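As structure tokens, here come the structures.
Here chain A shows up in two complexes: once beside chain B, once beside chain C.
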Partner chain A sequence: MKALKRNKWPLLFTGINIILFITFFLVPAILGFYYSLTDYKGYSTANFVGFSNYVQLFQDGSFYKSLFRTFRYTITLVPLVYIVSLGVALMLNSDHTKGKFLAKIIFFLPWTISGIITGVIFRWLFGESFGFINYVITLMHGKAVPWFTNSNTAFMVIIFAAIWAGTAFNMLQFLSALKNIPRSLYEAADIDGATAWHKFWYITLPSLKPTSFMVILLATIGAMKEFALVQSLTNGGPGTDNMFIVQYIYTTGFDKMNVGYASAASMVLFAILLILGLVQMKIGGRTNE
Partner chain B sequence: MNDSAALSNKKKKKYSVSRLHDRTSTTLLTVALVIICIIYLFPLLWFVLSSFKPGSELFAYPLTIFPKNPTFNNFKEAWTSLDFIRYFGNTLIAAVGTTVLTVLASATCGYAFAKYNAKWLRFFFVCIIATTMLPTEVIMNPTFTVIRSLGLYDNLAGIIIPSINTATGIFMFRTFFVSVPDDLMESARVDGASDGTIFFKIMLPIARPIIMTLSIFSFQWRWNDYIWPLIVLNDPKKYTLQVALRSLVGAENINWTILIAASVISIIPILLVFIVFQRYILDSGATTGLKD
Partner chain C sequence: MKKGFGIGLAMALSLLLVGCGNGAGAKKSDTVRLFVSGDTSEGNAYSKMAKKYEKETGIKVEVTDVPYADLTTKVTKAVQSNDAPDVARVSGVQPDWADYLVDLTSVAKSAGTLDSMTIRDKNDKVKALPTDVTAVGMFINADLFKKAGVSYPTSEKDIWTWDEFIEKANQVKAKTNAKYSMVMDGSDHRLRAFTYQYGGKDFFLNSKKTSYKTDQATITALKKFVELNNEGFMPKSVWTSNEDAASLFKSGQIPAYYSGSWQIADFSKNIDFDWKAVYMPYEKTRATNMGGNFLVAFKNSANSTGGKKFVKWLYKKENYKQLCQYAGYIPAVKNLDIKYKNGQAAYDVYNQEIAAAAEPISGKQTTDQVTMTMKGYKGLTGAYRDSMVKVLNKEISLDDAIKDTIKDYNDGYAKK
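What follows is the complex of A and B.
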């Protein structure tokens, strides 16, 4: 009774969140694990089939294909987004650039645009017969590139679009972190005659460590669950060459109604994300507060 | 005397050299910044300019950056071929509804994490961290089952309620309230105020900047959300903008004149929100560590 009284207010304050957490996170997670052990089709009854979904999954070429495409996407995108966002943030934080306010707005504009529309914008820009990029290529006497009929060029366009869309948010993280680095550190380095590169390497980059870990963690999770952008840009194409894992789960679970099988794929992705998160927390944890 | 004059002369010379150096790097860096800005602006600019081109001009070589015969017809056509008012209405209800509830739930929860100390609170905090690393997009099917068994299927409430709990919103408020001194709470308690009164009368009003920032973020997340509306909504009359647009993109033969104009129309409201409130996003450090 006394414990309840002492906990009354925090319970009231967090009650809704606890209920929502249980309903839309905990229950689906447990249910997903249960489904993954059954042949559930979204209707009628679910029959227990043990681990056979998992056994089948690990022999399924299309599952591996989409999983490795997703890995390839993440490994390509995350470093690029990191470098571009940091570069832009450094320029916007430099004493040597003009027009920062306008530039900041321009870099942030893509943030307002949804994944679906980003896909449409890049599909239009890279159109094979009437796209601007191919037009410029032919003007320069090059050969028009069949951007969307080749799986590697289509992958490149997805990467371009994702960098364009992802810079805004990460740049903002770096900008606010850059503002918090004490200027006195740079002044001291100036007196010692440090070059701009030394200042970046020995002052800026180490000070950005916590932000860097966070940016990399969030960008990794974001890339692993990419869905809307690819759906409107290439619809996983050409064929299923650029089908990423969330789209694979969606297609299997909702279009083909193989709920049990899709849930097994979900659980594998869940485990991968958990390991990624734990590893990054472990590395980043030392630098975080 | 002589020495110090020589020294100051030397200093001046060094100073002017570095001034020159400064000016060169300013020019170089500014030019680089302008080029990158153009690269970032161009995809959107090209898209918006295309929306003013009549259909014949969209597919006629040579392509021109500016429309030769600018027209509003594409917008008229898009407006009539898509039930925009309905989709705007649905998206607005979902976005505003979720935003109000998210702000309230995140503020109370973040406050509890910041100002109360209990084992179960620390445990729940870890649970909230877990939700950022294990996004529910990954477990779509079982979440769909939950939504359906709660009677939320094909209902706008089905996209509002599951989206209320956001780790990022909670973290923002927690960070803010940790920085608020405990004395403020203690002295109000001495005056006999209940914890609820303290929160609503004192704490919530001073958290206004966080409320603004989270509201804008939440509005953007929900306006642009795709996967939940796609799964939860079945009746085309209940579609949100993104799902409706997707049906245009997914068509066998894309009607580009309508698709481009419709996309541009759908961006306008969120763009206005950003232009009006940009300082709450661009100038605050409050956005550190949030993403949905």
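What follows is the complex of A and C.
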């Protein structure tokens, strides 16, 4: 009671957040775990089946397939997003760049668009029969590319769209971090005769470590949970070649009405994300000290 | 301060709890409650009919428009808490409702609803009436056909076979520089109509009623479907990567579109070339695949008798005809001639297709789905489409796809 009295103001100010967290995160998470132990179909009663959903899941080829595809996507996307957004941020921060204000707006625009719309835009651009890109290719006497019926080109389009959509946010993180690097460090380096590359490698990059850590962590989690973009871009296609784990959970749960089974799959995803987060925090934490 | 904090917390908590209540159950009422979901024209149609009913009988019909995605959940919750609507227009029947559905056999009989679309329980009692029918059909870009100088059937006498159609569509493609010869929606509903037209029965219970199987004609049709995709007769991307078939056709660069009656309203407004609904080709059987929505009435509602009376009134010839005109429905009742605002010629073709379509196969998919889930079976999960997509993407063989589909049927319809 005493503790409550002492902490009542902090509690009051965080109260709404705590309630929201409990209602929209904790309760659904517990409910999800409970459903993963049942054969719930989305209607009627849920019968307790113990861990049989998990046993079945670990023997399910299509689950592993979508999980590994998600890993492949994450491993490809995260470094690319990192490099592109850092590159853009460096250019926007450079003293030699002209039209920074306009450029910032243009680079930031994609962030204001939802994943579904991004998907639709890229669908139009890369449409196989009537898309803009293929139109340009045929104008230049090239052969139309099967952007969506070949799994590798479809994967490339997804990666490209995801970079386009994800650069803005990360670029902003880098921009504000770049502003915080003391100019005196660069001036000292100039006096010592350092090249631009040396300055980047020995001053800029080490100073960006905390930001880099956060960008990579958030991008990884975001990539592992990718859904809206792929759903509207290729629907996981061609076939199931680009079906990622969240889409697998969605189709199992809502199209096939295996809510219990889908809940088990999302619990596994939760565990993977938790481990990833902990590992990255451990690494990031150490380098920050 | 302490008090203020307590009040704040209590308010926040009570806010969370609002909306969880209402378990009081149905109170008797004279008003008829009707749940519908649909686009504006459909919603308006039911409201207009409700007004007419009130004018004629003095009984008010309260129409509640429920978003399509929420309708099933909403009705289920209402049924569970004994607060069901008197009447509801739904796309399927959930097992939880089955015990509470009013017997509508007499209405079905007097109205003459289409047998292949009327839902019966195991005692042969009608539990859901079809409100409207949709059917698979073929649209063509008549401008492209004209430009190529290729003819198409204009009466039921000269309907083409699939081979003839394929040849003609290819001619149009070659002469007009069209991108593809045809496009088919990426849906197993459309594919089923195709297999029926090849004389197949698609997937059906074996004679011992223990497991599902398919027949040679269906396999032939499926092979043909894969071949047409691989040859580039139709764009593979529609099936394998969800490219929008309707917009491909609307682009004006594809001669034919295998879709269905629900497109008529949209095409009437949004296409500026000369499009037409034409008779579908067939190899052995003239068939389509019907879909639709259903009207159900509940026993555990506030005014169940009033609800049934309203349904009976709605299915009287002149009233039902009016409903179809307002909503642009293809009637689910036999021998009804309806004048539509737009697309009359297309509707006429569809009506003839439905009248000529082989029964019961042409309504089987939809009625099976409704009847089986009503009985408490899990229902299909869409493995048919998914596995055909994998065949087109060369992930599995057609044999495996058939095995997967049969497994889905057995899991969904043969065991509970």
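Note that in this section the second predicted complex is superposed on the first by the 279 of 289 C-alpha atoms of A that agree within 3 Å, B and C clash if a C-alpha of one lies under 4 Å from a C-alpha of the other, contacts with A are read in each partner's own complex, and residues count from 1 in each chain.
One rule holds in what follows: a contact is a pair of C-beta atoms (placed from the backbone, for glycine too) under 8 Å apart; a residue touches a chain by one contact, two chains touch by 3 or more.
As the structure is a computational prediction, the values presented were derived from the model and not from experiment.
Asker: So in the superposed three-chain picture, is A:Leu208 touching just chain B, just chain C, both, or none of them (first/second/both/neither)?
Answerer: In the superposed model, A:Leu208 contacts neither chain B nor chain C.
Asker: Which of the two, chain B or chain C, is in touch with more residues of chain A?
Answerer: The partner that reaches more residues of chain A in the superposed model: B.
Asker: Could you tell me if A:Gly239 is touching chain B, chain C, both of them or neither one (first, second, both, neither)?
Answerer: second
Asker: Regarding the shared-chain residue A:Leu12, is it in contact with chain B (first), chain C (second), both, or neither?
Answerer: Both partners.
Asker: By the touch definition at the top of the document, which applies to A:Thr23: first (chain B), second (chain C), both, or neither?
Answerer: both
Asker: Between chain B (first) and chain C (second), which does A:Val88 come into contact with in this model arrangement: first, second, both, or neither?
Answerer: After superposing on A, A:Val88 lies in contact with chain B but is clear of chain C.
Asker: Per the contact definition in the header, classify A:Ala154: touching chain B only (first), chain C only (second), both, or neither.
Answerer: It touches chain C, and chain B stays clear.
Asker: Just to be sure I read the superposition right, which of the two partners does A:Phe132 touch: chain B = first, chain C = second, or both, or neither?
Answerer: first
Asker: What part of chain A is shared between its chain B contacts and its chain C contacts?
Answerer: Of chain A, residues 12, 16, 23, 123, 129-130, 235 contact chain B in one complex and chain C in the other.
Asker: Which residues of chain A touch chain B in their complex?
Answerer: 7, 9-10, 12-14, 16-18, 20-21, 23-25, 27-29, 31-32, 35, 42, 88, 91-92, 94, 96-99, 102-117, 119-125, 129-130, 132, 135, 164, 167, 169, 172-173, 176-177, 179-180, 211, 214, 217-218, 221-222, 225, 227-228, 231-232, 235, 246, 249-250, 253-254, 259, 262-263, 266, 269-270, 273-274, 276-277
Asker: Help me check something: in the complex, which residues belonging to chain C touch chain A?
Answerer: Per the touch definition, chain C meets chain A at residues 1-2, 5, 8-9, 12-13, 16, 76, 94-96, 179-180, 235-237, 240-243, 248, 251, 253, 378-379, 381-382, 386, 389-390, 392-393, 395.
Asker: Considering the complex alone, what residue numbers of chain B touch chain A?
Answerer: Spelled out, the residues of chain B in touch with chain A are 22, 25-26, 28-30, 32-34, 36-37, 40-41, 43-44, 46-47, 50, 58-59, 61-63, 105, 108-109, 111-113, 116, 118, 120-121, 124, 127-128, 130-146, 150, 161-162, 164-165, 170, 195-196, 199, 220, 223-227, 231, 242, 245-246, 249-250, 256, 259-260, 263, 266-267, 270-271, 273-274, 278, 281-282, 284-285, 287-289, 291.
Asker: Mind pulling up the chain A residues that touch chain C in the complex?
Answerer: 5, 8, 12, 15-16, 19, 23, 41, 43-44, 123, 127-130, 146, 148-149, 151, 154, 234-235, 237-241, 255-258
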